[in-house]
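Both of the next two complexes hold chain A, though its partner changes from chain B to chain C.
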Partner chain A sequence: MDLQAIIYVLIDSLAIGLPYSLLALGIFISYRTLDFADLSAEGSFTLGGAVAVSTIVMGVNPLFATILSFISGFLAGMFTGILHTKLKIPKLLSGIITMTGLYSINMVIMGIAKNSPYSNVIYVEDNKTIFDFLNIFEKNYFNIILVSLIIVIIVLFIIYWFFGTEIGMSIRATGMNGNMARAQGINTTVMIISGLAISNALIATGGALFSQAELKADINMGIGALVIGLSSIIIGESVFGKRTFKNWIISVVLGSIAYYLIIAIAIQLGFPHYLKKLLYAVLITIVLAIPLIKKLKNRTKEEKENVSN
Partner chain B sequence: MLVIKNVYKEFNLTGNLEDKKIALNNVSLKIKKGDFVTIIGGNGSGKSTLMNIICGVHRPDKGKIILDGDDITNLKEYQRAKYFGRVFQDPKQGTAADMSILENLEIATRRNKKITFKWGFVKKHQTLFVEQLKELNLGLENRLNQKVGVLSGGQRQALTLLMATINKPKLLLLDEHTAALDPKTSKIVLDLTQKIISENNLTTIMITHNMRDAIKYGNRLVMLHNGEILLDVSNEEKQKLKVEDLLNKFDQANESITIPLI
Partner chain C sequence: MKMFKKICMSLSLVSLGLFATSCNSNADQIKIGVLQLATHGALDQAYEGFKDALESGGFVDGKQIKITFQNPEGQDSDMSTMAKSLVRDNELVLAIATPAAVAVQTAAKAQNSSAKILFTAVTDPVDAGLVASNEVPGGNITGTNDMNPVVQQIDLVKELIPSIKTLGILYTISEENSKVQAELAQARAEAVGLKVIVATVVDATDISSTTRKLINDGAEVIYIPTDNNLAKNIPSVTNISDELKVVTICGEGNMVTAGGTITLGINYYKLGKLTGEMAIEIIKNGKSPATMPVLSLSDSEYSISINDEAIEKIGIVVPDSIKSRISE
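Presenting the complex of A and B:
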């Protein structure tokens, strides 16, 4: 790879990795703090994109459109939470139900702006996106990186603050140990519903940023979202650590960028596009095996030390 | 203080009538303020069910739970938590492993309060926590920011005990809280329990299957068998009680059930 290609890869992974880091942070909240592998992520990521682009096309201010995406994701997460806590549907199934339902809802939302009953794709066209607010750079991807970075930093501050409040701490305790939480007077039902709502709100916001960067939303943009988010989280944790909560959430963002760096390098090296999803699958398998490999390594190291002692 | 009134509870997991198991058969128990009651019984005697019904994990099929004159039978588990301090059999159950000692204690101090968006860490609490952790004598006072997951079973149980009693609950519920510990640690935790209870004058129910502990601790002993109260002795009468007496009682009860079957 020459220097130009390396710079291109770096910029590309920042411009995709930063919007996607909101997805990773959302999945971090459901998977890591609530211990809930929430498949509704796949639907709410697309939902965020569909709501943002459709409302932008209808003339809504892009910032407000992004906030609408946040709200739509919030509602989707609440729905999954209610399915699980009130109707006692297993976690995985609750997420699948929301994801499946959202598929049709997303098509209807994308149809609205086109005056058609449904649509599979919608383009931003000549309308302004959230990245046009700070039109500092000539090249659009620099604006994407800058605006995304500002939003991500704001979100990181809010997450850090929120999970340090009494309610945030209770959500974390609920995910870690429901029995303990209830014994400490925490209403675990409310905590699960609100945790999932916040998680999906962030995921939808990620979808809103991503679709504005790509200048379109399409019905399949959410496929693999959970796998991408989980990979980002685990790469972040194993490379950048999770000693404190602050360190942990920053690692998730960096992990998301690192993830896209790996993908971009693979594609730059000539990895065919149609095998991209297979690459995702292989990557997450490797990433999930990292803790086990580390453990084995430590064990053999200890054994060697024992022998030498 | 706590009145358990004709509580009946049966479990029927398969839906088949023959598989019906009566866990508690019209159990009534009155616990006075300041009582330290030990509850003893074999497997399937109903002691765990009784505890779960008091703290709201299960609802009784019939009967009432009354605390200080208020009927709490229909309150959910988390709604009753403000009255109770609980320590579980499994040391992992009482604390959140991936949170620090400090965070666990901060959560416990809010058990009887409404939680808000206020910042969860209060400077003033920290000095209080350090003081109370010192009392445990386990060296935890210097490890406030360490995750609870790295503590030993005994340390976790002692911490849970502190969390359960930090805001002086109306009733302390100990559910075989030393059963998972080795004999030495078990004794340390039990002595600690005794100390905290007498210092704060806490009303306590302690479930155990160790007859010696049941006799040694507390001012009242209740023996459960097949969902019914077999023995209920207090004060002087309890002090005279020996392990053999309990064993005899247990054998008698078993005989009265097995003989008709032969």
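Presenting the complex of A and C:
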């Protein structure tokens, strides 16, 4: 294995990890700040891809198509929020209802561009994607990395700014202690609905970027999205820390890249394909154990110092 | 700053891990990558056929050629990473099934790669945007097509049970290939004067109840196209259809082995072999995929397979005209 292969492994994991980091950030908002395990993620990730590719095929500008994906995810999140707050449906079930309904909606959306009642896959074909805007590199995956990086940085800034405003703070307070937040005069219903809307909007944008990078949207692309997002968050937190809010959201993005780095390494190692999932599990365990190993090392160091004192 | 140090540390860990993996490839070997969508009877056979064709052409894995096999088990983002690394490291890449072919083509485009791409088990390469036309593919990609002989399959139903009036069609709603075949089957069945009932399933869990509903609605025979979900879960259909004495006619042989009643279908092993012969044309004779037409198996290579156990349970008599065409 040479240096070139290592560089390529890094490039591959950036080209997938960056679009997926928006998914991780979306799940971070629902799961960590709002304390809401939102299963609508699997539906809204596909929704974002379906809306983006369908509208691009119909001739919409790819940047605008990506914004439409953002809006569609926003609406999906609002729907989950309304189910939970207004109809008093438990959190998990609200997410499941949205996810289930979106399955059919996504098929219908992909069908529109094909003039068919429904479809389960749609290709970008020769249309331009958002990654063709900054066509500075000859090789397309560098453009994918650059454009995704710009979008992720903008999103990080907006999240950081937004969760410092009064509304953002109120959303975080609602997630930390709903009763206390209500006692402070925060309208927690509005906060849950808007938090979920933002979360799913980001997830849908992640889906839009991923499907434009892969040049297709597929009804099954959201399967496992929640697991990938949660793994990214937890890897990010344990390896890169969560001391401050800024540190925390950057960790989530890095965690997503690290997750795909792990996958890319596992693939490069060339294990038999039926053992690959086991290899993922082992590698993720190793990564998650890093902080513990570090702590142990620090402790032995301290003990040594104590002895020498 | 601390964060930066951590990133550097993790990167160096990664590099160490990669250095540790030794890669003992021979410079003279022709490198061939294979990306197979998922573990699946038909797709496995296509891969076997591909390897056997290469071997009988004098290209043995580990000697003249080195095959790298990847299988993402249907996971989209894994498939993308695998496609990228295969396109980068190999001179020729075989993609098995449509999503794999699209992933490999996308990866090659993104890298401006000159790797030659072959596909197999793709139903409609033009619709998937893989080739400009089946006759002149145009790009660096060509392969073999597994369009199911739907018309002949429906005709086989009429031959097996001449008195049939209502045909049920069952497929998975999320599978594009199945949808195409179901529409063809419906058109043919209506052309030969049958009433058609279409039913779709979403996943593995609603197959039994949908099958029961289809039969209650009056389906006398159930047609199942080459559907990945139903191929995996065919016993969920046949447990009910056999009991209710309804024949299932399937898209391909493996579904009959697993419980379906009868099929007239393409042989994926032969299809893979055909693809392997195309690979030899490319690596030995230096042909360009751009000018090699997409191939499919000829009519004479369709074979009928039958499930004797199911025939017995359902209690029908197979006419001699069909018996004589059964391939073992």
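Methods note: the second predicted complex is superposed on the first by the 270 of 309 C-alpha atoms of A that agree within 3 Å, B and C clash if a C-alpha of one lies under 4 Å from a C-alpha of the other, contacts with A are read in each partner's own complex, and residues count from 1 in each chain.
The rule is short, and it goes like this: a residue touches a chain if its C-beta (ideal position, glycine included) is under 8 Å from a C-beta of that chain, and two chains touch if they have at least 3 such contacts.
On a predicted model such as this, the values are computed, not experimentally measured, just so you know.
Tell me the contact category for A:117 with respect to chain B and chain C: first, second, both or neither.
neither
Report the partner of chain A that touches more of its residues: chain B or chain C.
C
Is A:59 touching anything from chain B or chain C once the two structures are fitted on A? First, second, both or neither.
Neither chain B nor chain C is touched by A:59.
State whether A:188 touches chain B only (first), chain C only (second), both chains, or neither.
A:188: touches chain B, not chain C.
After superposition on the shared chain, which partner residues are touched by A:169: those of chain B (first), chain C (second), both, or neither?
A:169: touches chain B, not chain C.
Which part of chain A faces chain B closely enough to touch in the complex?
These residues of chain A touch chain B: 161-162, 164-170, 172-173, 176-177, 179-188.
For chain B, which residues are in contact with chain A within the complex?
So the residues of chain B touching chain A come out as 55, 77-79, 81-82, 84, 86, 88, 92-99, 103, 106-108, 110-112, 115-121, 163.
Which chain A residues qualify as touching chain C in the complex?
Listed in rising order, the residues are 1, 5-6, 8-10, 12-13, 15-16, 20, 103, 107, 118-121, 123, 125, 138-141, 144, 210, 213-216, 218-221, 223-224, 228, 239-241, 247, 250, 254, 258, 260-261, 263-265, 267-270, 273-274, 276-277.
Spell out the residues on chain C that touch chain A in their complex, using ranges where they run on.
2-3, 6-7, 10-11, 14-15, 17-19, 21-23, 39, 68-78, 80-82, 84-85, 88, 99, 102-103, 106, 109-112, 128-129, 173-176, 179, 202
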